[in-house]
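Each structure below is given as structure tokens.
Shared between the two complexes below is chain A, which pairs with chain B and chain C, respectively.
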Partner chain A sequence: MVLEATMICVDNSEWMRNGDYSPSRFQVQADAVSLVCGAKTQSNPENTVGILTMAGKGVRVLATPTSDLGKILSCMHGLEMGGEMNLAAGILIAQLALKHRQNKNQQQRIIVFAGSPIKHEKKALEIIGKKLKKNSVALDIVDFGEEEDGKPEKLEALLASVNNNDASHIVHVPPSQNALSDVLISTPVFTGDGEGGSGFAATTAAAAAGGVSDFDFGVDPNIDPELALALRVSMEEERARQEAAAKKAAEEASSQEKGEDAQPQSDSQNATSTATEKVSDPMDEDDLLKEALALSMNIPGSDSSAGDAQMSEASNDDQELALALQMSMQDGSKESSAPSDVSKVLGDQSFMSSIISSLPGVDPNDPNVKNLLASLPGQSESQQKKDEDEKPKDEK
Partner chain B sequence: MACTHDHSCEDHDCSSNWSLYKHIDLSKVTALNEANPGSVKSVFKAWEERLNSSGEHLESNEGDPELLVYIPFTSDVKIKSISVVGGADGTSPSKLRVFINRDGIDFSDAQSMQPVQEWDLVENLQGVLEYQTRYSKFQSVANITLHFPESFAGDTTQIHYIGFKGEATQLKRDVVATIVYEITPNPSDHKTRAETGGGLSHVE
Partner chain C sequence: MSAAESATSIQKNQVDLLDFIDWSGLECLNQSSSHSLSNALKQGYREDEGLNLESDADEQLLIYIPFTQVIKLHSIVVTGSEEEGPKTVKLFANREHMGFSNVSDFPPSDTAVLSPDNLKGKPVVLKYVKFQNVRSLTIFIEDNQSSSEITKVQKIALYGSTVETTDMKGLKKIEDH
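Let's turn to the complex of A and B:
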């Protein structure tokens, strides 16, 4: 928690329009600047940060060192790009701004974002570095953007002449998918000398790292307990549902052995249940599909309610009720008619496909959907369904 | 032990005169252009130790003999004279310029400002020389800044000991030491006279 006054030198030259860092070099630089400002002000409430631009018409100080984060961030808005970066003048004016800081107890630090080519000679940069070192000003350099021959060497030479006891750092950031701020979080620019990560840096790193996380579901229960709880509950629900579906399939398999009369129904049920089981296992959308089909079963043919009930009950997780219904089906005389009614409806392929295509997130070409469609119509095609049974079992 | 007093030193202890080092706020002593950060604190020691160069000493960076030492005191002091023991082989400082009660001086300020007093130093390897001050100007010194612009050889500057002779008053400059920040007011801290039952009028 070093008490520090920091001046950030922003590169707003023409080279910042380039898009090799997404969305543009200037945008990633602005994000990094706001992140640095936040880190500095959080690590010690008495820290101050100021900003100046190095390109444009000339070096311009946008904000003198202040602890007001809002003022600093608002300075970054509406910055124009143009001109060439003047690194030497930028650093010298930053040093001047730091010299006139209000609290003389603060350590002085300059952070430079060097995105465009450097037109100064190495010697000149070394002289500047010595001057900074003599006045005990630390310097952090972020080398990104334009990669020019000799630019890293010049910046390393500058760092070597400034560096006093490892107070100064340099970071080279090549163009990549990662945002500049993500790369900077893990560097000493944020963590400070030997602190090993301030709290700010640690939490932002956890958030930004995404999948790399020690916690389940990639969400820190400390940060967002409700989200973590919701994810855990839904995971358990899914697991319970899958177990129930597996149990129901086993039930159907056992009920299949009971009566040959119930063969077609059980076959269809089995087919649908295995199909639905197979379907429901991987994806939620197929789960939705199954339920949508069940709903659509309920719409047509209210007279064949028993058959519809049978279908819908089979689709639900209430396997005992399904068993009871099926037993009653065996006794009932409607058994042959009911399935055929249902199968007539289901056999209407065009109707089915129109329903399915209207469902969001369901691809009619999905093999699961095709299997489901094929398994529904035609109780007489028990052979085909047996093939369907083999196929899902093989696929398993 | 040689001493600039015209009496022999066995009778009394010269070191008591040079005891102002006890009133230096060592944690806040800083130096600019020192080769090893923090080494400046080693030059403030007792008179007897002034020739003891086994420990650390203050050295400027390679090739640059300028040194700027900022010394705050724990209370206001009156400084009668200053003694500086430099390094051998021309690394002793050749000039000294002092500034009183100004903090945050850096090299550009020091070079452009008029010092309160300046001396041409002599190589003082035995620590016997002291440089007297214009006492009237050094009456209430809360902090002092010593600027050594050059050394004899011109390459680097080494300093082994800096001593101050004088007396310490018990006064402190107006420094706000303890501040209580009040984020939300606590009514119990702000009792008015009416509430505490003072005064003639009594409001229910």
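Let's turn to the complex of A and C:
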């Protein structure tokens, strides 16, 4: 978030008509300019940006450093191409424009888009670079467009003479499918030496190139810990909500024999997920593992007839939930306060029997059902009563 | 001021203005990043002969020193090596944000040409009348003794006195009883 005044030197020479960067060199340059302006003003609201053109009849300052983004972008519109680029004059006039900036506390920076051949000698460029360094002006060079012998060397020499503590950078962009802006996003020209602008860079990169961030939610916890935390919490809440929805769906599920078992398990899973705050990946692996176990144990009624995503998720969950219930009953490590309430509900025999009767595919005399019911705490009596209840219902 | 007094190190009522420098506002143009202004100004660093302020791209240096309160500047001490120490030093009082391009736009408050004696520590007495009301000082080192590429300054010390201004830090809220 460095406070900075930037002057952008735009190359509007005849060489910019070339189409080796699509749609044309000038267009990609204009896109890059608007991207840079946006990045600068976003990283610090007090930053100012100005623009000048280096070719045409002569160096012309289109906008002195201002924080008004609209004014800067409108300057780029309707620019004519022609003439030859005068790099030395462009840089010197940019330096002059920066000297007269309103806010003297701003750091000075010049960004040069060098798209055409450079007619100056290396020596002359080095002298200019030294002058910039003496006045503590940083310089970013974008080497694109026309490739000429010695051009990269000249620009590297210019950079070396300006560079003070890596404040200045150079980017060589050969013609390719990628737009100039996309290439520039990942360079220090945008990231501003790795701080501040990288938030902007990350979001634009995610939008444009399909995401380059290594972090969980595309937000660097170092840069924006509150946002990262908020995203993680909302992810947990969403998962909890889906669990609750799955639980509800399981209650009303017509083909689930393990419907009532889904309740304590989804609650315990909720507690597990909120308590541990794990990222979704480990959870998915657990679910997959349980699914595999369930399939291998050949539990009947494992497939839901509903096409609804929630329902199918619930059906998959049920098999895992049943297994997990068994496992948790044995070692009791996953239980939290929530299931105790639910076990009271389970103890309500009438509720249990109504659940079981509402499941058309369930055969209460099935040994698996009986085993599961028997494993629930304090269920033995209710199970017997349920059997008694079910028998007359079976005769319907 | 008698010749005898100026020959001795410091006049009685002049203090080292080190305590009144506003460190957050210090600026130095054309300094080398590894040999910075604090090497010449800070207590301890400036006594160390190995730690110098060095220039970078060429031999000129532009140092801006703001003060926390208004001071009167009596004399300065600039030490350095015999060859690479500074020679012509121009002082500007109360000019902010100067650049190398406008050093010649207005006359300096005082100019000092340093002799080898000065470089060893003899203070340069300034035109006191020009420095009665100084909020900030700009020191422009124009060249060095041997006209070499790099100017090296070992120590810069400022001597003077304060004007009776209110010390804002000393103001304390009176407790209601």
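Convention: the second predicted complex is superposed on the first by the 207 of 396 C-alpha atoms of A that agree within 3 Å, B and C clash if a C-alpha of one lies under 4 Å from a C-alpha of the other, contacts with A are read in each partner's own complex, and residues count from 1 in each chain.
Assume contacts are C-beta pairs under 8 Å (C-beta built on N, C-alpha and C of every residue); 3 or more make two chains touch, one makes a residue touch a chain.
The structure presented is a predicted model; accordingly, all values stated were derived computationally and were not measured.
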Original post:
For the three-chain model obtained by superposing on chain A, do chain B and chain C clash or fit?
Top reply: clash
**OP:** Kindly classify A:Asn135 by the partners it touches after superposition: chain B alone (first), chain C alone (second), both, or neither?
**Re:** both
**OP:** Check the residue A:Asn44 against both partner chains and state whether it touches chain B (first), chain C (second), both, or neither.
**Re:** neither
Original post:
Does chain B (first) or chain C (second) touch A:Ser34, or do both, or does neither?
Top reply: neither
Original post:
What is the contact status of A:Lys99 with respect to chain B (first) and chain C (second): first, second, both, or neither?
Top reply: both
Original post:
Is A:Gln107 in contact with chain B, with chain C, with both, or with neither (first, second, both, neither)?
Top reply: neither
**OP:** With the two complexes superposed on chain A, say which partner A:Ser24 touches: chain B (first), chain C (second), both, or neither.
**Re:** neither
**OP:** Figure out whether A:Asn163 sits in contact with chain B (first) or chain C (second), or with both, or with neither.
**Re:** neither
Subject >> Set intersection of chain A contacts, chain C complex versus chain B complex >> reply: 99, 104, 130, 133-136, 164-165
**OP:** Enumerate the contact residues on chain A facing chain C in the complex.
**Re:** 99, 104, 130-131, 133-136, 161, 164-165
Original post:
What does chain C use to touch chain A in their complex?
Top reply: 29-30, 33, 56-58, 60, 96-97, 99-101
Subject >> Complex contacts: residues of chain B adjacent to chain A >> reply: 30, 32-33, 37, 61, 64, 66, 103-104, 106-108
**OP:** Please give the residue numbers of chain A that touch chain B in the complex, ascending.
**Re:** 99, 104, 130, 133-136, 164-165
